[in-house]
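Next come two complexes, and both contain chain A; in the first it sits with chain B, in the second with chain C.
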Partner chain A sequence: MTLETLNLILLGGIVLGALYALMATGLALVWTTLGIFNFAHGTFIALGAYIAWQIASTEASGAGLLAGAGISIIGMFVIGMFVYYLLIKPFERNPDIVVKSVITTLAGATILENVINLVWGPRNKQLSPLLGGDMSLLGITISRNEMAVVALALVILAALGVFLQRAPLGRAMRAVAQNREAAQLMGIDVERLYAIAFGLSAALAALAGILIGSIRFMNPSMGSDPLMKALIVVIFGGIARFTGPIYAAFIVGLLEAVMTYLVGLYWSPTVLFAIMIVVLVAKPEGLFGRYRKSV
Partner chain B sequence: MTDTLLLDVRGLDGGYEPLQIFRKIDLSLVQGASVGLFGPNGHGKTTFLRTLSGIIDPWDGDIFFDGVQLNRPGARGSRRWRNFNYDAITRRRMDPKAVARAGLIHVPQGNLLFPDMTVAETLSIAPYASRGRANAAETLDTVFRLFPRVHERLDHKIRFLSGGERQMVAIGVGLMAAPKLLILDEPTLGLSPKLRGELASAIQTIRESGVPLIVVDQDIAFLEELIDTLYLFDHGRISRRIEKVDMPTHEEIMKLMFGEDHH
Partner chain C sequence: MRYSPSFARSSGLIPVLVVLAVLALVPLLSSSMYLRHLLVLAFVFGIVASSWDLSLGYGGLFNFAHVALFTIGTYAFGLVGQTLGLSPWLGIAFAGVAAGLVAALITLPILRLSGIYIILVTIAASQVLYQIIISQSDITGGTSGMVSLPALELFGYRFNRGGKVGYYYLALLMLVASTIILYKITRSRFGRAIVAMRDHKYYAISRGMSETRTRLFTLTVSAALSGVAGGFYGSYMRVASPDNFGLGLLGLLLSMLLLGGAGTIWGPILAAFFVTMVSEVFAAYGAWRNIIMSLLLIVILIFYPGGLWALLQTLREALDVARSQATARLRRRFGLGQREAMTGAHETMVATRHGRIAVADTGGDKPALLLIHGNSSAKEVFANQFKALRDRYRVISFDLPGHGVSDNADPEKDYSVEAFADVAEDVLKALSAANPFVFGWSLGGYIAIELAARDYPVRALAVSGTPPLRVVPEDVGRAYDATSHFVLASKTFLSPAESRDFAASTTGPKTAETIHLHRAVRRTDGRARAYTLGKLQIVDWPRQMRFLRSAAVPFAILNGSNDPFLNHQYFRDLKLEQWTGEPDDIQDGKHAPFLLKPAIFNEKLVAFLRAAETTSRHGADVVA
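Moving on to the complex of A and B:
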């Protein structure tokens, strides 16, 4: 393996890692606050990308990528809140909400995916890149677009981290995640916070979808593979800290890039799952996890 | 009638479906007065307070606070409807956030607060939650004066605090929410005698600063200094209402509640 190949693999892994970090953080946000796993997250990714395409693409409205991304992210925030009120809220105080929400979010994912199929059709589409052209880094040439994707993902994640740490709303969100009843007794509107957390998660999914759409092709089931990877990342990293899934995302991204080079695209998921199982056997709460869940 | 009463609970029934925990509770508080609840463990005091603050729905009865009815008027839905998904089909009769925002603040028993947040962060949430009723900076000063330990521990996470410190933060959070009535559920539970004394004098100071209290405790001497009226809670009912002037001693209470044989 030459140095150039190694750098190529590393950069590919970092791009993957940035995308996974964005998706996994969205998943972890819902997981920690509401205590459920959202199987519709992958479809949110696809829907976000398609809404952006509808606004941005010259084949459709042609309003430009920026307008498309903005409307898609805000739109997905609203759709996410709507999905919460429809699919999660009715079971909120049921003791078996974890099981119920698996079924309802899977149902939501299937319905949304078919809606996308119905509206936009199964043909592959692509968003225009954020930045055109190439640049050279560490002796290799990579596209500016991929660097922009990494930078944007990191900036958004940092902003989200600051929001959760500093903003009153973000702090209230962490409080609800850690002790729902104490938060309620302080006068925090738990339902509204849950809806906002779900909306934020969907908005992050939309951003991830747009970034994926600008690198690869989009189709109605484009979210299922990233959802699987995000699931690995979240379990692998643990959700004890906000940063846990982010570190794990880059580890998984780099591992995947290396595995794709070593054993090929077909076998790399197998190897990834095997590594995940080994890690979980040794440390069941995840690589960066602690004994208890919290944001 | 309701103008002079800060809190007026009329014929409150409640519990965890299908188990009724307390029945026909009548409890009233004139403006500026404090009451104590006393009774054995497991007789429904905490469940009653959880109902009062809207965590669980009351089955029957009304709660008026500061001239406002906190529960949705009217009877509870029929049994048939309650068998369906409560949150989707039946409307909640009480809303905990509305209760807290009205100024009825409940510091629950053995409050665990938010284990992974620092003391400073925890204290900063309450004014936000209560929609800024009070001057936050001023209240924060009051809390620090009451509990110097809380000030020392500002940057520590709640899960690293001792039980006493945690209780101090919990009461501090209650104060930050600018209570018109503060409910303290066994504030000195499981604390050493020294800490208990420290906390008791702090609660006394809170009382003297003009915040009315509902206090649950097992220590009559502690309650006696704080309250104007004592309610004895027995098997989910209020068995007796005692005014401060004829406050009984511990032995007399034991006799009242358990008969002559117990000491």
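Moving on to the complex of A and C:
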């Protein structure tokens, strides 16, 4: 392996890691606050990308990528809240909400995916890149767009971290995640927070979708593979801390890049899932986790 | 207290036989291959969903690799039947073994996990299986799967000929077999261990159950059943597709399981038919079909959290209420002469706070004696007393709400010991029978004590088959012998066999004399049983006990010496002040001494009432 190949693998891993971090953080946000796993997250990614395409693409409205991204993120925030009220809230006090929410979010994913299919059709589409051209780094040439994706993801995650640590709303969200009853007694409107957490998670998914759409092709089921990867990442990193899934995302991204090089495209998911199972058995709370959960 | 009658005695027998007969006739009645194909799919999915229910519903283990194990069964069939070229029957058997073995492997990492973590690991495990399958493309055909798998053949009969009727019957047979296996398991020691491990894990462990063994057993067995179904599916569809590892089939089967109602076995089978048929109705709508089906699923889960099975129970209850009410109306109109001949008393309808009540009254201005019948019976149970005591007393009895020829009533409001005591008050008031003697049998005994304990003027109180309680439910366990028929007293739906059992153990085997009482059990509104006994906890038992201890009213207990429901020692330990000091049991009276030994019973009752007359006159003097 030459140094150049190594750098190529590393950079590929970092790009993947940045995308996974965005998706996994959204997923973890819902998991920690609501205690459920949202199987519609992958479809949120696709829907966000398609809404952005509808606004931005010259084949459709042609309002530019920035407008598309803005409207898509805001729109997905609203759709996420709507999905929470329709699919999760009715089962809130249900003893088997964990398994019921699996089927309702799966059903929600089916509905959204078919809606995407009906509205935009099954053909591949692509968003325009954030930045054009290539740049050279560490002796290899990479596209400026991919670098922009990594930078943007990191900025957004940092902003989210600050929001959760400092902003009153973010602190309330962490409080609910740690102890719902106590938070409620302190006057926090838990239901509204749940809806906001869901909306925020959907907005993060939309952003991830837009970034994916700018470096790869989009199709209605583009979210299912990232969803599985995000699942690995969340389990890998644990949900005890906000940063856990982010570290794990980069580890998984790099691992995947290395695996693809070493064992080939087919076997790398197998190895990843197998590693995940081993991690879960040895340390169910995740690599960076403690027993207490928090955002 | 355990009650698990054989399936032949349960009320499920007849509907199941009818449905099976209809399904068995389908290929003869309809030549539609398409209908048969849909039904075969429903049978297969029924097996997969109901076997999943064993681990998910009963065991509370969210094994989301179940559907992947079904697909493993399909591939195992392909491996044996096609790649190795062995008999396809062997392939189906191996499919079950393979799925069971893989399930045991998957169980190992989830032994220490619970809840959502099991979901995640098992989904990951099915992804691993998927990746392994598609990576071995020279054997499994990779992403395009295995095609033209061998069809089944038996004694030269080829299953894929003749409109695939053979597959239809084989699938039906497999569904029946798998259901029998699941039914037996859920009612066995292991089945109870599975549920115990779900509901009270640490208690179950402390009672010596092994969590490892239970989990391993649950997951392996349910996967093996699903794997056999997968093997069959492979021979029927003749392809093994890796797509079946995906979330699509998983969602479909999970929707069947939850739509049907988890933890019921029958519900998922029902939902397998429902989902297969309904989704076929929308087949012409293309992408809209998935949207409609998903919306339907969400709506049903929101409004019917218990699923189709719970919906079926609601329908059944409505039907049963209508049936019992219609029976009461019919008998009120046509059986009057017969009933009046039994009691020799005049029957009238009386409006009370809890509905219209049928009352039998011998009339006259003799001292009134009110007889209150027990659970799922009727006033005619006292026919002997009516005839023997009418010269001395004005004998009155009435059918409780929801019993005999009285109307059914609102279960929330009208079916409770307190409401029944209200009815007794209203009946006595309507007949202007003041200051009565009251005798109550079994549940009627509690009504009698309740009536007296609320300071309603009663001259004397006698009960039979009624242990006075101090605290419920603790004393119920002490006062009653937990025979299996005791459970029937609070069961909403009784099968024909069960109502025969109940009538036989409360009154006696079906003879010309007791046939009326056997019919009365069938007529009783099942909600009256369930609600009245369910609400026993909110009766003011301490007040009843205080009242009995105060000995303000002469009190007698006239039990049968061999009452199958009672713990006789409990009565002795109560040390209540009563007529003869010790409980005065009637030899061989069983649960209904007044019915089975009327002569001795009447003698004792009259002796008590006479003694009470003197004391109560004495008591009245004191008050004066």
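The rule is short, and it goes like this: the second predicted complex is superposed on the first by the 295 of 295 C-alpha atoms of A that agree within 3 Å, B and C clash if a C-alpha of one lies under 4 Å from a C-alpha of the other, contacts with A are read in each partner's own complex, and residues count from 1 in each chain.
In this section, a contact is a pair of C-beta atoms (placed from the backbone, for glycine too) under 8 Å apart; a residue touches a chain by one contact, two chains touch by 3 or more.
Model, not experiment: these values are computed from the prediction.
Superposition of the two structures on chain A shows chain C fitting alongside chain B with no clash.
Counting the residues of chain A touched by each of chain B and chain C gives the higher count for C. Contact with neither chain B nor chain C is seen for A:G121 once the two complexes are overlaid on the shared chain. Look at A:F91: by the touch rule set out above, it reaches both chain B and chain C. After overlaying the two complexes on the shared chain, residue contacts for A:G62 are found with neither chain B nor chain C.
Touch criterion met: A:R174 reaches chain B, while chain C stays clear of it.
Taking the C-alpha centre of chain A as the apex, the lines running to the C-alpha centres of chain B and chain C meet at 60 degrees, rounded to a multiple of 10.
In the superposed model, A:L185 lies in contact with chain B only, and not with chain C.
After the two structures are overlaid on chain A, the closest C-alpha atoms of chain B and chain C sit 7 Å apart. In the three-chain superposition model, chain A touches both chain B and chain C at residues 90-91, 94. Against chain A, the residues of chain C that register as touching in their complex are 56, 62, 64, 109, 112-113, 115-117, 119-121, 123-125, 127-128, 131-132, 134-135, 246-247, 250-251, 254-255, 258, 262, 287-288, 290-291, 293-295, 297-298, 301-302, 305.
By the touch criterion stated above, chain A contacts chain C in their complex at residues 31, 35-37, 39, 86-87, 90-91, 94, 96, 98-100, 102-104, 106-111, 114-115, 117-118, 224, 228, 231-232, 235, 266-267, 269-270, 273-274, 276-278, 280-281, 284. Those residues of chain A that touch chain B in the shared complex are 89-94, 168-169, 171-172, 174-175, 178-179, 181-190, 292, 294-295.
Residue ranges on chain B touching chain A, taken from their complex, read 53-55, 85-88, 96-97, 99-101, 105-108, 111-117, 121-122, 124-126, 128-131, 173, 177.
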